[in-house]
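Shared between the two complexes below is chain A, which pairs with chain B and chain C, respectively.
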Partner chain A sequence: MTFFAPFTIPFIVGSIVMFAIIATKWITWIIQLPKVDRRLMRHNLLTRKTLYAIWEVIRESLLHVRIFRVNPLLGFMHMSLAFGWFLLIVVGWIETTVYLGWQMIPLQGHVFFKYFAPLNGIDTHIHLFDHLMDALLLFVLIGVALAWFKRFRARAMGMRRTTRHRLLDRVALTALWFIFPARLIAESITSAIYGNGGFLTGGIGGWLNNIIHHDILVALYEPSWWIYSSLLGAFFIALPFSRYMHIFTEIPLIFLRQWQLRPTSERKSYDNFEIAACSRCGICIDPCQLQSDLGINDTQSVYYLRDRRYNMLTLKVANNCLMCGRCEAVCPVGINLSTLRLNSRAKRRNIPHEGRYKYFAGIDRSNGSGKIGYFAGCMTTLTPSVQRSMEKIFEAVGDEVWYADKDGGVCCGRPLMLSGETDAARKMVVYNTDLFRRYEITTLITSCPICLRVFKESYRLDGIEVLHHSQYIDRLIADGRLMLDASSEVFTYHDPCELGRGLGIYDEPRNILTTLGSLREPWHNRDNALCCGSSLANTIIDDQQQRRIAERMTTELDATKCHTIVTACPLCNKAISRTAHHPTQDIAEVVARNIHQNC
Partner chain B sequence: MRSLNFGYAISHPRAIDMDNNDLRKSRAIIEEMPELQACISCGSCTASCTAGNITNFNFRKLHTSVRRGEYKGAYEELNKCMLCGKCRLVCPRGINTRGLIMLIKRKLGDF
Partner chain C sequence: MAHRVVIVGGGAAGIQTALELKSRGIEPIIVERDIELGGKARGWHKLFPLFTPAKDIIDPLIARLREERIRCFYGQEVTEIASDGVVLRSGERIPGDAVVVATGFTLFDAHRKQEYGYGLYDNVITSVDLERMMNSGRVVLTDGSEPRRIAFLHCVGSRDEKVDQKHCSKVCCITGVKQAIEIKQMFPDADVFNFYMDIRMYGPGYEELYRSAQQDYNIHFIRGRISEAAETINKRIQIKAEDTLTGRPLRMTVDMLVLLVGMSANYENKNLAQSAGIPLAPNGYFRTQDSFLGSVTCEREGIFFAGAATAPKSLADTLAEASLTASAVCNYIKVKYTK
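So, the complex of A and B:
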């Protein structure tokens, strides 16, 4: 049995280099994982979570189910390339095993079986395999054709814009594009010479036999296999350094994620898996409002991850993001884009300073008493009517409330965190937690989704229920404690990013509004809602740019022809009321003016 | 005589000496954020300031001094800021004040 021919050298070298580099990378990353993460791995290895991970690998790494949701044709393209290639390898392996029995066959023996079969004296062919392998090759070729088509008409596949790639990515991409056509040609010429093959290679082989002289075919035989092997080798060598690293990295990422590993506000080794798992498919580009409204083309998550991976991240790219989470919502790999970007900012800006915020000591701006605490937040103090409305609601239901910052208190810390100063923000976390504990509140209500998110994610408030005011009001209505007057008023609700995508609170504000009148949804709503553009996370775009984002967004809100635009975030409220043609109110204001008066 | 204190003090003369002030950093800041020149010193940023509410932090004074090349103590003073962003919302000239604070700190002290 011979399984060696000179043309296989590029393939063998390529695959050895590729597997060596990938293994080195993975092992280094795993070794560098913090202890907590490694403990999680050990703890969850032999649980049901591993089975879920295997299922997710099949769904996402092979079938690409999440991309199907973006666009069926795009999903099919990714599936045919990934799943098709996988099946070619698996069925190819079964084929060689059936022909040659259980024995150790080197890798190239499987991959170039069509070449080695006649050399090893196999002349009776199993037609099933010939046709099956041809069908799979056709399946992959359709994917390649779609990829070519996508270069010219990305729009037809649901993508308005595609990624601009680096040179190495282009080299790898070109190699990938020509691997399967090269395989088709090589196998067809082989079929033409030996007179075998399935419906595809056999068919083309027969046709080649008719139009090309046999001697020429024989002369083309070896070069065609050389081309196929060289393309494979080139692709394999480029793979670990290019975006195609995602092919293999997504698999460990899925396992680690199922084992509950998560990125944090501090950089850690786990981030490497997420970063390398980005395929730069570019699905995150279209939802980005910095792209669609402002034409900013270098800061989308795909470029951010690329820059971070190759150590060329600039402060501007790291900071130029609204962190609205629209990209994260569509990312087919499920990368925690916002957290990664945050820890990039932390790396650049988190400067410890001992004396910072010493002035917090002894400050207490709270008043009132009660087990229910109300934290207005900086933004709410800037929109006092929201706070007054909340006071009116508290009064109507007779709840005794302790106001944490009625006359302006200390910030919740999220704005600093969003700018990467996690350690400084910790001081606010400590201060506010102390304050809440000192007054022994059991419920904490806030009107600001920014504060709400940091309370839920970064504070340790065990024993204190943290609620957004929309949740609190919804509960009051459900319990029958708050009676509201329904009217024929038509509302449109804008989902704030931090409240909706950030914390998954979509239904409570809608429940309240449908109690009060009727609700019309804007075109983009719920987890697809647009950002108001005023996000604290972005310190790069200027006022005019913020305004342009807000204008585009409020056009949709105005288009519903409602009476009142309602939102649940004081910051969104400011941004919307600046550009909208309809009156804009916070949900608390709408509720407060519709409280049922008993006589 | 010197030890007698009648409760009066003479303010130290405070002249803004633009000839001797080192304006390189100030120019670099304005170059990166030219909109700062649109500031009308209305003081809305200071009036709405969360940190200014509980300390004597005064952002208008601070960025005016920095523009004049008077950097002394500016970095430490800016450390009082909590970056809540209200100043940006109230600025009638639409200046990106949060970005400005980070920029000044970067030019004057950070890395």
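So, the complex of A and C:
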């Protein structure tokens, strides 16, 4: 058999172009990886991590387990398309090998096997493969049908909104939608002519044979294969330029990630893998409060990654994000959305004027002495009752505390980092680290989750334990050092983004509150908690828009009919008190007013 | 029989409207939420710009009200208004041929600007607290000593988006100047600082007073809002601000910080407006028909406004407007009932 027919040309050209482009991209990206990343790759290549990666590829690239968790129907759609197609290729290859023996068969020979060897099933009287291939085709077609259905009724698949696509994506999408119906038609016509095929193509073929004249079927035979091949070719050529690049890119991404490569606050080549691995499924759109509360429709992670990939990213899109992490929590590909967004802000890095931070030299407004350091943070200084409460707690347990910024200190640096001014932020990091070292503290407590996050992620504070005040208080209670009076007070707790999704601190504040009274959860809580809208990360929305986000969020807090709304971030506290109908307090304030008095 | 008009609120606006209506042969009824008449002006020490004792204005007004035997309900809150009367919280209905809304304003709650430490630090007070102190004749720190350095902060709860008070409260600038002078008269050796964004001296004699504060009393005016305040160990107040004219940050320790609190719309305006089917302005005050010929009327005939229910106003403006309201009510009744 020659395995060549003119209609296969679109397919052959398409696949060669596609593989060439993908290979070029991957090789370029890997060559451009920084040394550290390449060392990590070498180091981890021959370890168990590679096996984990293979397992993850099966789970995520083929079965799409994480999307199943968002919505089973949506998961089934992605699985039937990916896993179904994969099986069609694998089983098709086995089929040809079984019939023709172990020999070199060109790619189109496998794909268009039915065309080249229409009589195989009849020759051998084995219909097993025909039925199997038909079953797989049906499996994929169900996925295609669901994809069509999703375009019109996204809500039924658990998505209120789907992505708006670019032209090339639409071309690829349309080709993809019709590839499998075209295959069904081509194979059915073949079956009609040769009288073979499994339950599906054979069944339709028999029916076609009854209603359409044999000559017409013969006339349609070649064109139907042309259509199928052309659709494949079109899809393949569009693929590397469209969102479907994710099909192949997710695989190396999983390996690189298992080998411990991560994006950083500086742009690097690794980012390309993450960016191209976005399938633009649009699952990140619904959780975005800028979308649901403000109707902003062009800045969600899917659009951000798209714009960045095609070099049309504007600062407005890069900056219009609360970095609350709600999208990252649901991203089925596990893309580090916040870090990527952050490092594209770093582009407009402003190198601070030489003299601008000179005043750091020699200033030290800290006071007190002790191995425990307390860093209130700017926002806590603006909510002085939180600081007061902490002082009361320190006093109650008799801990000696060194106050880093009671009379004014230097910013932790995170606000500057969030707006991309990493060099200026670095100066503050150096100043504060030096200050902490000089006073030889062993524990650093802060009341601000924003400061806490930067201490943990961007400072090198080896030997100093960094704690949020809720962790410290929780520990005091557990150790029996702080006695509190329990009452019948009902609390509702709001998870600050930086503390919860950012640092995974969910339980400590809840432990404290259940010691003091009872706790009622709002509808969205823990890793699904809503953002207060006042995030420092967003420099685009205005005060009224921030307020609207807060309003929606506090409605849920008020709905619990609690006595007191409690949070653990001074910024959230400000945002909530603006709109809530219940008194709002920081967890430190609640604790301070319930300290057991020994008399 | 005389026509009857229900006036909601027994402050300066309500009293003056009642007196003017009475003189035109109409029978006014005042419904006051408090147990006393006089509103916010009662308890105020002296009035700008001529340091007129507030008593000299309010007491005669109340006395005339008594002479005229105008009926007043005390301790009664109005929950619904309509053009033909009002409904009290008790459910009782007071009918009338027209209704005047003279409900005034609410003082901005300084606790909401926690960064200034009101209620948290001993020697942070509001402009209203200072008037009360001056009324009692003793302006002292909590430890009983005299203040030697005093800072006034303008625009607390005015022109501040963060607390949803976008409007200017109009009277605090001149109040700040007046109080600074009074402090200086009491303690000539004290240092007095006024932190402001803009100084808005819109009334007759105001600008002159502002100039006098600088030239005759040596009061320091610093353009820049205070960003935060903290209490020192000896109960003094450390403030951080930016002098926006020199472009430099500054830190200063004072004995007393006076917050010039602004005027907010009453929370209850929402329900009252809803009951009457009339709109509120975005800042929560009642919306008048227009700012020119319809400044005391609204879209609904028979409902009128007087005083700070529609916008921040000084006492002088309020009294002037009340006469206008009375004349508008009078015309309305004449046209409606003489057919």
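What we mean here is this: the second predicted complex is superposed on the first by the 585 of 599 C-alpha atoms of A that agree within 3 Å, B and C clash if a C-alpha of one lies under 4 Å from a C-alpha of the other, contacts with A are read in each partner's own complex, and residues count from 1 in each chain.
Here is the rule we use: a residue touches a chain if its C-beta (ideal position, glycine included) is under 8 Å from a C-beta of that chain, and two chains touch if they have at least 3 such contacts.
Small disclaimer: the values here were computed from a predicted structure and weren't measured.
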Chain A as common anchor, with chain B and chain C clashing or fitting: clash
Between chain B and chain C, more extensive residue contact with chain A: B
Partner chain(s) touched by A:G295 [first = chain B, second = chain C, both, neither]: neither
Chain B versus chain C as contact partner of A:D543, first or second or both or neither: both
First, second, both or neither for A:G408, with chain B first and chain C second: both
Touched partner set for A:L416, first chain B, second chain C, both or neither: first
Partner chain in contact with A:S385 - chain B first, chain C second, else both or neither: second
Chain B versus chain C as contact partner of A:G101, first or second or both or neither: neither
Segment of chain C that clashes with chain B, given the candidates 221-229, 257-265 or 311-319: 221-229
Overlap of the chain B and chain C footprints on chain A, listed as residue numbers: 381-382, 407-408, 543-544, 547, 574
Residues of chain A touching chain B in the complex: 348-349, 351, 353, 355-357, 359, 363, 365, 378-379, 381-382, 407-411, 413, 415-416, 419, 421, 428, 534, 536, 539-544, 547, 571, 574
Partner chain A, residues of chain B touching it in the complex: 35, 48, 50, 53-55, 76, 79-80, 82-86, 89-91, 94-96, 98-99, 102, 110-111
For the chain A and chain C complex, residues of the former touching the latter: 381-385, 388, 406-408, 543-544, 547, 574, 577-578
For the chain C and chain A complex, residues of the former touching the latter: 112, 114-115, 117, 120-121, 161-164, 228-231, 238, 240, 251
